[in-house]
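Chain nomenclature is as follows: A, B, C and D, assigned in order of appearance, with residue numbering initiated at 1 for each chain independently.
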Amino acid sequence: MAGGGEGIREIQQPGEYQYTFGPYAEPIARVRRGETVVVHTVDAFGDKLTSEDQAPTSVLGPYLNPQTGPIYVEGAEPGDTLVVTIEAIEPARDWAVSCLVPYFGGLTSTRFTATLQPPLEERVWVYQRTPSGGFAWRDQWEIPWAPFFGTIGTAPHIEAIASLAPGAHGGNMDVPDVTVGNTLYFPVHHPGALFYTGDAHAAQGQGELCGVALEIAARGTFTFDIIKGRAIEWPRIESPDAIMTVGSARPMEDAARIAYSELVLWLEKDYGFDRLDAYQLLSQAGGLYVGNMVDPNYSLVAKCPKRYLEGRQRPTPGEPPTPPEVAV
Amino acid sequence: MAGGGEGIREIQQPGEYQYTFGPYAEPIARVRRGETVVVHTVDAFGDKLTSEDQAPTSVLGPYLNPQTGPIYVEGAEPGDTLVVTIEAIEPARDWAVSCLVPYFGGLTSTRFTATLQPPLEERVWVYQRTPSGGFAWRDQWEIPWAPFFGTIGTAPHIEAIASLAPGAHGGNMDVPDVTVGNTLYFPVHHPGALFYTGDAHAAQGQGELCGVALEIAARGTFTFDIIKGRAIEWPRIESPDAIMTVGSARPMEDAARIAYSELVLWLEKDYGFDRLDAYQLLSQAGGLYVGNMVDPNYSLVAKCPKRYLEGRQRPTPGEPPTPPEVAV
Amino acid sequence: MAGGGEGIREIQQPGEYQYTFGPYAEPIARVRRGETVVVHTVDAFGDKLTSEDQAPTSVLGPYLNPQTGPIYVEGAEPGDTLVVTIEAIEPARDWAVSCLVPYFGGLTSTRFTATLQPPLEERVWVYQRTPSGGFAWRDQWEIPWAPFFGTIGTAPHIEAIASLAPGAHGGNMDVPDVTVGNTLYFPVHHPGALFYTGDAHAAQGQGELCGVALEIAARGTFTFDIIKGRAIEWPRIESPDAIMTVGSARPMEDAARIAYSELVLWLEKDYGFDRLDAYQLLSQAGGLYVGNMVDPNYSLVAKCPKRYLEGRQRPTPGEPPTPPEVAV
Amino acid sequence: MAGGGEGIREIQQPGEYQYTFGPYAEPIARVRRGETVVVHTVDAFGDKLTSEDQAPTSVLGPYLNPQTGPIYVEGAEPGDTLVVTIEAIEPARDWAVSCLVPYFGGLTSTRFTATLQPPLEERVWVYQRTPSGGFAWRDQWEIPWAPFFGTIGTAPHIEAIASLAPGAHGGNMDVPDVTVGNTLYFPVHHPGALFYTGDAHAAQGQGELCGVALEIAARGTFTFDIIKGRAIEWPRIESPDAIMTVGSARPMEDAARIAYSELVLWLEKDYGFDRLDAYQLLSQAGGLYVGNMVDPNYSLVAKCPKRYLEGRQRPTPGEPPTPPEVAV
């Protein structure tokens, strides 16, 4: 389904963009269960970084990753799972931008991995869209169009979490599988779920190495649904070929442990595997890649090909809820 | 100075306790610069865990570490440093409690360090106050009274951070040096600073190994001051004998890097050391211990004995501010 | 080229297998530059785990991952790079085995990530080879044949490193790209390089989740070459489509930093990229997956598609050496 | 007891110093159970760094931390515990040296925590011994004499581990409690235990922040004993006031988990505590400090004051051995 088609509602941020995922802001729109809408997003820098002559630190404000939202999904209640299918992602402009920000990125010391060394130099790369739809940096290289939303998710319980950080709520996961044709699942902690998205990327390598992808303003077409009475702890993704879980934590092995343990439990609960057999199957057939190695939490994606799930029980919306866990 | 003396104002939480450090709650009290007040706190479990026959998970609600606050400190503005001296800590009862909570603690898998193993059993230890002021568990052992506030700090920029997590704002650092006779320094991001505290401990080992100290309701006597126009990035502590910085992060080495790099920069800025000489001095004379190894971030304390600072320049309240850094 | 063909020398371990990568053992064979040989390897358990009725701890000895080697490559000198192309991998039997070993694996506490919880149960899965060449566990699932050597590399400087640990020398990387059609590059620290390999896997998921892949005895066909006078710090892999670097360390983010920084430096040195442009390119086009999350060091693979390298300078064997670095 | 007194044997390295802890070198001396000897050690730089005008990288060879050893302790067999009491440490010269080595230290990127930033500058600090016995750097500061051996331990099973790395065998722990009046316990994996020591420090802060302490040549007076038939997994230390365990691993939280879990098990086995009660006691009374945050593994020390052990069962040399664990 193409985004922005006739009759599809378009949602734009009416006032200030949001810089946290939380329960403290008023919804900007309400969508119905099953409804498809187009959501407009600005880029991670609020569209302010436009030229290779700019120094990022002199242009950017104190916060990054402005979010469109929160969007209230009617019928979602705490303990449900929000289901979001990405129907389309369209670029809102013909260029994308990346840059080096001091003390931010995967191959520099940072505010957390603090050293006494000076930062790497600031630098900006502006890419131009090509006739084939890719994005080229000068005559040096061209990156194919492989769009996704770096930031997406729901409001946490009681926290307001900066839109630079990923977590159990989703947030700034920077996971390329958050893309067209895939379906996402998020925990619901508040009536209406309170959905946010932003930080569209024209493309990004695994790890988002320098901390900045091909940042672009975009329009995303999303369809919303709800699994009533079923809670999940961490975000999940379903593609035509695989089911996936995303763990976000530090150190990186904890993100891996979260992602894979959630996937084991998913195989057990929805596909009828014995728990240790699921552990075994993923040992031989699982995928595990790095979404980001640069954000306040690292995000890792664990993956199980669907061909191992054929003929097994599928999840049924409306099942009785799992017992709530103590939040500690 | 004794807490609760005549003429000292007593501050109690008027309604619901707070479970986040953030800018979204209304202040419960206002204090003047230089004022001394007594703040009443309930224990980390909201005083609900009282017997060794209870199972923590059947008694506790979804959130832990209820905070008294926010308290508005008049005159504090963004870019200042809040100064809090702990004059006294008094127990509000004659018993303290510790326990094991499933999948929480230093020697168990957790929600983040996820494994497929079953949790350790739940168990509660209730300690009784002894005539000497210590706390004894049955006839087995007695822990001397060494009280401090596990949770203390100011509101972050835009985030609301759960009171179980420590960070640059302070929060649940679980650092035993947050105690009587010491002075604490916190960043100010909002008018009034928005100060919170709670989670008093009758005592705690370094690391807070099982995740739960000797939890107690308490009254703390605090004096508030402000260093105008000087910003700090992370909490600092000053005792009669040492200056200290607290870093909170994961993995633990990042907490150590933060704590020690902040201490190097403190020695450079306020005591006139060459930066690499400060690095050298701390290599031979610094202290580094673990406050907690159990919370969403680990907290490490780096320490420089004051005898290495004698005769060197002291910080002067009112100096021009340091340049603000980009928040990323 | 098929392994074991006429005229190709077959190398079998003449006596005890090796359980370390080091300079302290006598070479079992010598190969010439350009020579192709077949190397026989036993499985990670020395072929002793054969039935689902066995408890691994009652069958296995104190060491795992027996290695065939060391093999002396004539002409290799310290400061060179050893080049190993994998021509073929053939199974030496029609079954493969996996299992759970107490306190070993990605979703259990371990000897290093120590907790007080009891271990997961021991369990063995024996897979049978199917007519299609895959390996099936009962009638439950079948894993396609995707063979590689879990353990491969050269002798370190002065250390003897257990064959369970990966590092700068290669070792137990458990990286599926160590497979047929790919070429590997290893540092040379001793005359003859002292090459070892073993731990063949019929297949393995990314991360080697439970710590044990589809373990199998195998014959590998290898061709050896040398790049004279050029030193590398960490292992590299070249496939028809990509160049790759492997970093092995803890925590996992350090493995990622090593892999990607080595890849940046490779792009700079051999393909003429400006260093920060290489950093940028990999931010948008790099791949980063987890080889293992279970060994004493974790191994991550960073990848650059070759289409970004077309028309750029290729490395030339025989160039002057890079300056040696101080080993600290 | 003074070192070097009449009748005490003096052990000096007869030829090349050792740069690994391993089973591959010939013993340089044999000592009897109960014997006291003096061991001479050179400093971490082989006594080659002597002036502030030197650049460390132009003076130092490829390896650091030369060890005196291995020393064969008669009667020690695999499965025993080696007991080493430090009777005295005397400086062998009147100066000590520290320095910055590129890409080595706690507040710089390193070979493992790799970044693209340039290294910090090299710098050397030479300290002179003062009449009070301390070590002064120019007229800037004086560090009290607080000597210990940075590197000490026994040969591992089959590995030869660089003398820069700490581990279960001891090695480069850089723990200030390895000092006069304390007793150390190490695992024995080979007949004679094969004891090594070196890397004396005139003093060192917790964490060994820049990676280099006050390095000095020294004479240590050691008394050797054996606990027959009892195996330990990790090094232990006993002072007049406390028992301690040392964990060495990455990330740092794993070192903390090892140290504290070993201490829990020690309290259970030798002092009769219920395991979870020991966990509780250490939560309220344990100490946890950082020995080093700079070596290939970080070393953390967990501590239990002896006053909590009074009246409880003491360990008895000669007890039956604990069941061996599978080495994985």
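Here, a residue touches a chain if its C-beta (ideal position, glycine included) is under 8 Å from a C-beta of that chain, and two chains touch if they have at least 3 such contacts.
Worth saying up front: this structure is predicted, and the values here are computed from it rather than measured.
Touch-path distance (fewest steps) from subunit A to subunit C is 1.
Ranking every chain by how far its Cα centroid lies from the centroid of subunit B, the top place goes to C. Here the CA centre of subunit B is 47 Å from the CA centre of subunit C. Separation between the centroids of subunit A and subunit B, computed from CA atoms only, is 33 Å. Touching of two or more other chains is recorded for residues 107, 113-116, 120, 250-251, 257, 261, 264, 276, 279 of subunit B. Across the complex, subunit B is touched by residues 98, 100, 105-107, 120-121, 123, 125, 137, 140-141, 143, 203-214, 250-253, 256-257, 260-261, 264, 276-277, 279-290, 293, 298, 300, 302, 308 of subunit D. By the touch criterion stated above, subunit D contacts subunit C in their complex at residues 19-20, 22, 24, 57, 60, 62-64, 101-104, 111-116, 157-162, 164, 247, 249-251, 254, 257-258, 261-262, 264, 275-276, 279, 324, 326-328.
Of all residues in subunit D, those touching subunit A in their complex are 107-109, 113-120, 251.
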